[in-house]
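What follows is chain A paired twice: with chain B in the first complex and chain C in the second.
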Partner chain A sequence: MSTLTINGQDLTLGDDEQLNVVQAAKKAGVEIPHYCWHPSLSVVASCRMCLVEVGEKKPDGSVAMMPKLVPACQTPAKANTVVVTDSDKVKQAQAATLEYLLLNHPLDCPTCDQAGECFLQDYSFKFGNAETRLQEPKEIRKDKDYIGEQITLFTDRCVMCSRCVRFTREISGTAELQIVNRGTHAEIDIYPGNPCDNKLAGNVVDLCPVGALCSKDFLYKQRVWWLKSRNSVCPGCSTGCSIHVDQNEDHIYRLKPRENPLAQGDFMCDEGRFGFKYVQAEERLTAPEWKKPQPESNGSSSSVSRWSEIVNHVRESFRLVAKKSPRSIAAVFSPWMTCEEAYLLASWLKKLSPQVRLTLGPIPVVGEDDRYPKNWRGEPLEPTKFTIRAEKCPNRLGVAAVLSHFQSIREDFSSIFNAARAGELQAAYVVGGGPPGWLSSDEVKALAQVPLLVAQDILRSELTNAAQVVLPGASFAEKEGTYVNHAGLAQMILRSVHPVAEGYNDCRIFMEISQREGLFNARVMRKEIAEQISAFRPIASGDLGEYGVMLPALQGAAKQANLSEARQ
Partner chain B sequence: MADSDLALLARINKPDSQSLVGYLADGGYESFKKALSMSPNEVTDLVKNSGLRGRGGAGFPCGLKWTFLPKDHPGPIYMCVNADESEPGTFNNRILMEMDPHQLLGGIMLACRGTRATTAYIYLRYEYGRSFRTLEKAIAECYAQGLLGKNIQGTDFSLDIYVHRGAAAYICGEETGLIESLEGKRAWPRVKPPFPAIEGAFRKPTVVNNVETLCCVKHIFDRGISWFQSIGVPPDPNNPRDAGSYGPKLYQASGHVNRPGCWELPLGVTARELIEEQAGGVWKGRQAKAVIPGGLSTGFMTHAELDTPLDFNGPGKVGCLGLGTAAAVIIDDQTSMVDVLYNSCRFFAHESCGQCTPCREGTTWMTKILHRIRTGHGALRDLDLLKEVADSMGIMPGTTICGLADGAAWPVKNAMQKFRPEFEDYIQKKLTSQDPIRELVGTH
Partner chain C sequence: MAISEKDIVWVEEPSIGLWEAMYLPAIAGGLATTIRHVFQKPVTEEYPEVKPVLPLNYRGVHRLNRDEQGRVKCVACMLCATACPAHCIDIIGAPTPWEDRDKYPVKFEIDELRCIYCGMCEEACPVDAIELTSIFDLTGLSRQEMIFDKDKLLSVYDKTVQGGKDPARTTRGVLGPASENLVPAERMAWPIDELPSSQVNS
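Take a look at the complex of A and B:
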């Protein structure tokens, strides 16, 4: 325990808290402006925005202040430290630094993407002066759109905090960005022909505290104050990066990483950042469809697209099959389903008959886990600071945990596949929900032989073309639920945009098919799952908070799975 | 000083002053061989007790710096020799390296014995091509004679010396900037702590010493502490923090004097003695309007302050930054201080490394303001602005990482304090300087 004083206010820190004065002040509710400091990057103390007065409280109660200002980012928050951030001296230094930073800044806020979430704007408003005393024309520098495939540099907006440079050196290890020239002519640049195109490059846009580095994908699309932001989890891989989904009028404009020390840290990969576009693709299924075979007429089939009729049809036909031969019913769960969806579908089918076969569909694995930072040869270095996982789905652990609750013997997807190919299945319920290309065409061909095939997915595909009943599901951005990442961390996803299919999302479909009463509520459902399934007990409150909750039972499972993979 | 009393410059006029043969004939390296029989602590104590202060500008006690190295460090410990002599007006290291390289090598060897360093890097500014060649040759001679390398003279002491050429940047003279540059990085001074003595070059304990300091070390071993302390100014008994200004110092004079040059004088000569007795007085029979006491960054002394002793405390008493490198630049009374200050700001704007915001933007802003004044568009409020900008940068207010921002600000502070009437007159009469536009070309 150590106690320090910030602006006359006492703050007690635990023994395990190794904070600097910026972080400690934040805990005490005092904002210390800073540009170059970032919790995940090394300390350079060069922007001089976080200057504060620091002193030491002596045992006799007197305070000895240091005569000069010190950068708060470089000062450890030790016991008996006295920090003053609101003295005239500090305010003067803050105003001076901001005036310097704005000397050559173009002040093109009306056309700048960062406007609204810009630290130059915010700090100038809070700590700066309203006018500049520079009479000479500002330095004009050329914009550099060649800096990367996804990023562009507005050179004259830069405040030289060097966060982006340190990111490419310390986190990605690829070191494409650098500072060229000296003094006031210093600029961020790349070595000619070596653009910043690493798999984490998009993070430099988030790191940039001003509008210098912008995302080409987002450029000039939206003013940020129009965007509504909800917490979610990236479905791109089993790392399960915490993210914000930023949307306006039901259109998602960007995903941004959300700080989460339990999941990924402060960053996310470009694959996840820009890979959400399928959610808004033309091929999205927007209406349910039941292709009714009409044997007596001229060979054409008629189709029904009323939800109530289709839901009743699915419910009744599955019940009929379950009565006759329950082993001929199979359900294929996808690793993009939330735990709640898996729970609802599994509990309905197992209520029809305990012999219904449930299986987790194929797990997409691409290459090997991609660990950063890398050295110049591309080999990963220790300690690992970011991992893009080979398992390209968000919730294998969660769905598998639900399935193992309902079905003590694990059913492999290959056995269902073989059964379908052999014509042993009467009815199959296949749920997708991820990006295109989840099932191979062989697998689709086998499933297409099932007389009653229900496909619930978000995109039109071979599978939905082959199915008798097609139900449009919701993507990760359109539903609420729980994802469990590779390490057993259960995180909440929140609905950012409305579901495209008349307000139906997967859970509502399952609720209606299984005739559960009430509306779907993820929080209530989590409580129910936690009561039923012991592995989910830690989430019994239904609330997972900002960072999510670790599920120790699944943590063990995750480790075991990794071990068995390693043995193979 | 009479020629027979000279130490640092004693050999420079000899015909074979650069060769090992000549150096050995003058009794060189005897003190090093003596030091090999002493323990490193004894060597350090000797330097510490001599009261030798660093000649690079800050005047930090040399032996004390060595004692900051961690005790019982398994090694390696590095010695960096700061030969990046870039302070405008300064050229004494160049003379030492070009004319008597073995004197410097002898000093380095003694310092490495004292600090337990086994590798020394001479960080040489790029422009000193002749120094580079003489040093390389001298080092090769030493290796051939067994004065460098493994187990020197059959003892357990090993030492390698390398000459590393910089790429011509003023900032590399800052000790951590020098270390970064030596490591092959951009010469951005590091945040301290940790200080180089704990974590310096290649993350190992490192001592950075100036060329002239190390040459003094050699003479302290040759002639003893009592000789060293017989020269210069003893500490002020009324100031317990004063470490005194002992020893000989290479003073330089340049600018508007009849005989510019470099002389070895006892610390504490006054600026007037330097100008009139050594440099032959101000040229063309004029008066000195201002004197830069020790390199551009130390600021200006006025004509009335010429009797200030140029020791480690003197220039500070009249508002200058310090003794600096004892490189006096004399400015005659026909020169406009506006032009002098503009030139100074232009230099520092060009050399600011660009890491800390106040120095990066402030130096260029001051240059622009002075440029405006010189084109006849200045206003009196610009002088307050200049002073405000200058006051807001440097490690003294705490707004920058390294001390070079103080050096950039100091001439402006001094000029505003001591020559303000001249600036006001210049602005009010709307004077202009010749062709300021052409002068701005190339100030990238």
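Take a look at the complex of A and C:
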């Protein structure tokens, strides 16, 4: 326990809390402006924005202040520290620092993408002056659009905080960025012919506290004050990075990492950041289809696009098949489904008959886990600060846990695949929901032999072309639910945009097919799952909070799975 | 709510005498007014044959100004679209093909039917690119025709400049680095370099 004083109020920190004065002040509700300091990066104390008065309370009760201002980011918050952030001396220093930073700043806020979430704007408003005393023309420097494939640099907006440089040296380890020249002439640049194209490069744009580094993908697409942001989880790999989904008028403009110490830290990879585009692709399924064979006419099929009729058809035909031969019904779950969806579908099918075969579809694995930072040879270094997992789906653990509750003997996808190829299946329900190319064409060919094939997916594919009934579902940005990442961390995803055209939220489809009463509510559903399945007991409150909840039962499962993979 | 009894005042119609009951004085008075107007200058405006001259600060059709090189002056900051209470402005920005500027509008559309001509866009513009002119007689045969695109808005600029109908500026033109000072120095309260510092953004 240590007690320090910030602006006259006492703050008590626990023994395990090693904070600097910026973090301690934040806990006490006092904002200390800073540019160069970032919790995940090393401390350089170069921007001078966080200068505060610091002193020490002596045992006799007297306070000895340091004669000069010191950077708060570099000062550890230890017992008996006295911090003053609102004195005239501090305020003058803050205003002077801002005036100096703005000397050569072009003030092109109207055309700058950062405007609205810019720390120069915010701090100038809170701590700065409205006027400049500079008489001379500003130094205008040339923009550099060659920094990276996704990154462009507006050189004259830079405040030289060096966050981006430290990121490439400390987190990605690729060290493409550097500061060239000295003093007023200092600029961010790359080594010629070595652009900043590493797999974490997009993070330097988020790290930039001003509008100097901009994303080419988002450049001039939207003003940030129009964007509405919801918390979600990146579906790109099993790391399950916490993200913000920023949308306006039902169009997603960007994904940004959301700080989560339990999941991934402060960053996300470029595969996830730019890989969401498939959810607004042209190939999105827009309406349900039921391809009825019409033997009396010329054999062509007609499509009906009425939800109620199709849902009735699916329900009745599955019921009939389940009566006759329940072992000939199979359901293929995808690792992009939320736990709630898996639960609803599995409980419906198992209610038809306990013998219905449920299986988790193929798990996409690309290469090996990609760990950062790397050295110059590209070999990962310890300690690992960020991992891009080889398993390119968000919820294998969650869906597998639901399936193992409903079905004690694990059914492999290969056995369903063989059964389908041998023509043993009468009906199959295949749920997708991820990026294109999940099922191979062999697998689709085998499933296409099933007379009653229901495909619930988001994109038009070989599978939906082969299916008798096509149900347009929702992508990760269009639904609510729970994803369980590689370590057994259950996180909430929230709905950011509406499903495309006539598409339904997957849970709504399952609820209508299984004739459950009421509307889908993820929170209520989570409570029900927690009651039914012991592995999900920690989420019994239904609320997972900002960071998510660890599921210890699945942590063990995750380790076992990793071991068995390692043995193979 | 019923009106309370104390708020009701009953009035009686005044009774008229014989002189008023004849109506002849009233008719004579009316005729006198008519005859007086025969000899006065007519007040009727023969619109549309004769168009009225409106003050230059009238808020009519928008125009998009050009800079000295003839390029669109707008920098696609979308502050007008943000300020617009009727949501009638639709802009798509892009990097410029020019060296000296970063961003420009590839698409700039104003729905003149939806616009309420409040002039907020003009107020919001940091580079004096959008202005409301004194052109008021706006007609079209379809709704689509009344959605003015960039070319049409620039042509309004050309037309008003040629016709000598430049709108009066509502500001001093010192809002941003790209705005120009159109008010002659002698008509300003302060010369531009002596403006109180609080009015000049750094």
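The working rule: the second predicted complex is superposed on the first by the 566 of 568 C-alpha atoms of A that agree within 3 Å, B and C clash if a C-alpha of one lies under 4 Å from a C-alpha of the other, contacts with A are read in each partner's own complex, and residues count from 1 in each chain.
Note that a residue touches a chain if its C-beta (ideal position, glycine included) is under 8 Å from a C-beta of that chain, and two chains touch if they have at least 3 such contacts.
Remember, it's a predicted structure, so these values are computed and weren't measured experimentally.
In the superposed model, A:Leu51 makes contact with chain B only, not with chain C. Annotation for chain A, partner touching more residues between chain B and chain C: B. When the shared chain is aligned, no partner comes close enough to touch A:Ala428: not chain B, not chain C. With both structures placed on the common chain, the touch criterion links A:Ala455 to neither chain B nor chain C. By the touch criterion defined above, A:Ile493 reaches neither chain B nor chain C. Touch criterion met: A:Val159 reaches chain B, while chain C stays clear of it.
By the touch criterion defined above, A:Leu4 reaches neither chain B nor chain C. In the superposition on chain A, A:Ala93 contacts chain B only, with no contact to chain C. In the overlay built on the shared chain, the residue A:Ala186 is in contact with chain B alone; chain C does not reach it.
When the two complexes are laid over each other on chain A, chain A has residues 134 in contact with both chain B and chain C. The touching residues of chain C, when paired with chain A in their complex, are 75-79, 82, 93-95, 101-103, 126-127, 176-177, 197-198, 200-202. Those residues of chain A that touch chain C in the shared complex are 102, 107-111, 129-132, 134, 143, 154, 219-220, 223, 225-226.
Remark: chain A residues 43-49, 51, 68-71, 74, 92-93, 96-97, 100-101, 103-104, 133-136, 159-160, 179, 181-186 touch chain B in the complex. By the touch rule above, chain B contacts chain A in their complex via residues 169, 186, 188, 191, 349-358, 360-365, 368, 371-372, 385, 392, 395-401, 444.
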